[in-house]
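Presented sequentially are two complexes of chain A, the first with chain B as partner and the second with chain C.
And then the complex of A and B:
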């Protein structure tokens, strides 16, 4: 099993529903977020292009945060989801430094926090909070190893890219272009 | 082509607009760790070489600074932790891939070792010193009996500790300024040089000072060589590392780096030490102080600048 997410940059309108849904679902403290929207404006007037991306932890296959963690608090669970065990985390900040996507933050309670691909919802057979609320249906989530999953089907028919592949982390967020 | 990037709804403290997770605690610790490693290494080296008499400051006096530096450094590290009550989790596991785990375990061994080393010379340094408990007496005898073995162990651990202060940073692929294998040897050499500077400052023997000065000048030479290679490597690498190098070649860290680290921290003290070797009267605390300040500045600059550099996407 390999959980992954595909984000359709052509369908995303940048409404931020995914951000709010995540904050509500996961009790993210005010001022912090586990997912966010990036607006990438490129070109020069009048030939300007906008790309909207809903970003979060990439749940990398080769995750530097798990490697550098001195206590093993950062770990990979079934399906390739990268998680942090709160009472093993000492708050040293090494994983925050190691993430090319700046996807982790220091929770006010001391430990490091990040996107969990809503594994508590997956366990109940539901999809992630951000996917569930997306009004344009631009987020596809599922098992990459299952050819019939939403994410596999989305990746089959479209061209896509990953962010900073040169960082060598094998990220698992695929941006449909 | 112009490109602009907006991140909506995200302004996480210490992460946006650029990373600032590690403050003064980490560079201070990196300095003290390298400094302690430097003294420990040379104390061990000259003891093994049988130069205990000629190099008295190196072997007997300066090692009293090591436990102090390590304890202050460890306290700084502890202050840096955000989930402090769980710090003991470091010692419930060994993680081979994590430099921080290596460092934590190395410190676990070298810190008590540095206390034993200093304590075993207490009677020679403080005349009339008596241990209150007979246990200490017998333990002291044991340490003195196995001094050479301890010296070898201390030298090995000092090298691991010195290299670790650099590898801690260089293991982070996400921060292009740090992500170079030169940082390990560079921090080791720089740490050894700061350790030597303190010993030279303390030493009253002309012979000892001249021996240590010669080593120090060589170390500074190696350090300059490594720094030149660091920048050559960056400028020949990919865009993110080219930009990292430009922080020091015209960017915001240019003046602090070249004035305080390169000129005042390395070139001037090496020059003064050379003059002293040729017989000019130079108060040795001047080059020593410059080296110590330069070493501290270098670590502050590297930690702060490294957190600004990042991947572009």
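And then the complex of A and C:
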């Protein structure tokens, strides 16, 4: 099993619904977030292009945050999901420094927090909160090893890219272009 | 926009990677605004779910409010059976939680009093506040007649106060929905097809092969069902054509973007009509069977070639031809979208007529992938006596002006409130329910003068909006998550109803609007119009008549009904009578002609900005609704201010940097109360600037959003009125930049 997400940049309107849905689902305090929106503008008027994308932890196959964690709080669970055990985290922030995607933040309660791919929902057969809410249906989630999963099907028919491939982290967010 | 990083400097050309806005890493309110007593998520099984429909905008998506065992509202999730949202709320609906949690909410009734010459609010009991409002209503009724009391309203609270006003004897009610929003399209489409567009729009976007947007920025206006269907259309390979002086989000998703010179849309529309007719691309069978006036139209647009339009719109004639052919190739599965906020230049009903005519030529009205025939459930009216006849209303003040105004014109009600305007019938007092007039109505001076002129103002709202600063009495309404309202019945493909039921008891001393209106009615001796103790009785009676019940609706949230009015689309060769005077689609409007207006739309040149000035264009952000959400903690966290978009060439000329704060001054010398951050971007033309509407609040009680960004409304002092329906055209204002702080901080 290998969980992954595809984000269709041709459909994302950057509304931020994924951000609010994650905050309310996961009790993320106001002022912090586990996912966010990036807007890229290129060209000059009137030959301009905009790419909007919803970003979060890449749940990397080769995750520097897990390797650098001094306490073992950062770890990988079934399906390749990178998680933090809050009670084991001392809040040193080494993982925040090591992440090329800036996907982690310091929670006001003193630990480091990040996207969990909503593993508590996956356990019940639901999809992640951001995927479930997205009004444009631009997020596809599932098991890459299952050819019939939403994410596998999305990747099969489209061109895609990953972010910062040069970092060698083998990220698992795929941006459909 | 929510982003993890700080601002990244944009390259000199204004392009390159940029994450927008600043994450609000403020600690303010953190402790109260998340449930710090448990760190993780709570499973849905451990919570109770309560049926609701959203009140953060007018789309009214149905959903479920989840409450945990400690009585916290944890989340709101869309109802999967709801045709408005299909189980997916938009960011504002998801963030509706913040409306409940906002600690700046109005908490108790307030009464204005003067102490040592200084005016201030003091807390009051409900009885005292209601007695005072009722006594003012009784006094106006006795001295001037009930018609002299006006209602400004929006949304669900408005419906309860409309009932009160009708029972009381006043028909003077106005909502910005008409003259500040969608009135012109209803007039334009009504004159052509004999039918309003209405809300939600019956645009069959999910099945369309070609979607044409004229300044309509779907995706930034988060009209949920339309955003969802546009996404489906993209998946299905539909052609999208967007006309906008700004590279809107929709424009960035489009196959064709027409970066038009602002104020020239009618020229483009007429040239598209020209191409369809003179290249023989229109739907001949449909026009032959259903339309009248084709020959007049053909003659009318004879010289309106793409080359003619090029000189006006700056759009490449080849691009105009190509896009017209794209539409024709998709016909009849094509939508030239009517838009929603369409009060731009004062000739808006005529522009909407041109859009309607274009749709007619493409045969899209009543066709799959075009416009479907909508249907709504008719909810039976709870038994009550007839409303009394009122002696006059806003229309009697117009002396025949704006003959096609079908709903109250807010600005006319304001003028009737000012004695200097010498209106035949004068307005003496107001109730304002759920609409923030100072940030909604153009020409703030007119609003201020009216507010100063009237004897009494009561405001019903959930938040200390800018309008509350003008109130004599403030009546705090609870949020939609804490109350019942009338049953939602909106037209759609499948008729349906939805129930809003409270998830929790009202917080603080707030009350539902139905209760407030009923209390006032009973104090005024109108008890016979309130023949129930609780609104539950009304809802139960209505639901029983519809074959349902409160109990069932609490479980279902949404219930669908079979259609009774026939199919969604015209059958092949079906005889169909349109609701116009001729029974045909009127390409040549006899109604307009009879009233002395152009029977076919004409292009008129509008003023252009002088040197050093830029046209002020405004629009929406997907995470905010008007000015009402900017203090919502969840939504403020996503976007805490607007910015003014400036083309890099213009920024160079002015030596303005990205992120720099400037004040804006308009052509009449009005300077924005607050400075606004500049966003240097290639997404906007060099003759225009762009701002998201709804920021620049002046009430300090809105502790988060006070002073954040600038208000477009206060810079709109040139209002071009649509002679057909009284719409207030707001796109004829030009601004320039002031780089140094121009005036003393304005006291709110």
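Heads up, the rule we're going with is that the second predicted complex is superposed on the first by the 177 of 177 C-alpha atoms of A that agree within 3 Å, B and C clash if a C-alpha of one lies under 4 Å from a C-alpha of the other, contacts with A are read in each partner's own complex, and residues count from 1 in each chain.
FYI, a contact is a pair of C-beta atoms (placed from the backbone, for glycine too) under 8 Å apart; a residue touches a chain by one contact, two chains touch by 3 or more.
Since the structure is predicted, the reported quantities are computational estimates derived from the model, not experimental observations.
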Please work out whether A:90 is in contact with chain B alone, chain C alone, both, or neither, and reply first, second, both or neither. first
Given the touch rule stated above, what does A:14 touch, chain B (first), chain C (second), both, or neither? both
What is the contact status of A:135 with respect to chain B (first) and chain C (second): first, second, both, or neither? second
Using the touch definition from the top, say if A:98 reaches chain B (first), chain C (second), both or neither. first
Where does A:24 make contact in the superposed view: on chain B (first), on chain C (second), on both, or on neither? second
Quick check on the superposed pair: does A:68 touch chain B, chain C, both, or neither? Answer first, second, both or neither. first
Based on the A-chain superposition described above, do chain B and chain C contact any of the same residues on chain A, and if so which? 14, 16, 19, 31-33, 36-44, 102, 105, 109
In their shared complex, at which residues does chain B touch chain A? 1-16, 19, 21-22, 80-87, 89-90, 92-93, 95, 97-101, 104, 171-175, 238, 307, 310-313
How about chain A: which of its residues touch chain B in the complex? 14, 16, 19, 31-33, 36-44, 64, 67-73, 87-94, 96-100, 102, 105-106, 109-112, 163-164, 166-169
Can you tell me which positions in chain C touch chain A when the two form their complex? 1-5, 13-20, 23-30, 33-36, 38-43, 74-78, 87-91, 94-95, 97-98, 219-220, 222, 224, 227-228, 230-232, 234-235, 247, 249, 252-253, 257, 259, 622-623, 633-635, 637-639, 647-648, 681-686
Spell out the part of chain A that touches chain C in their complex, as residue ranges. 10-11, 13-17, 19-21, 23-33, 36-46, 48-50, 52, 55, 86, 102-103, 105, 108-109, 118, 120-121, 124, 132-138
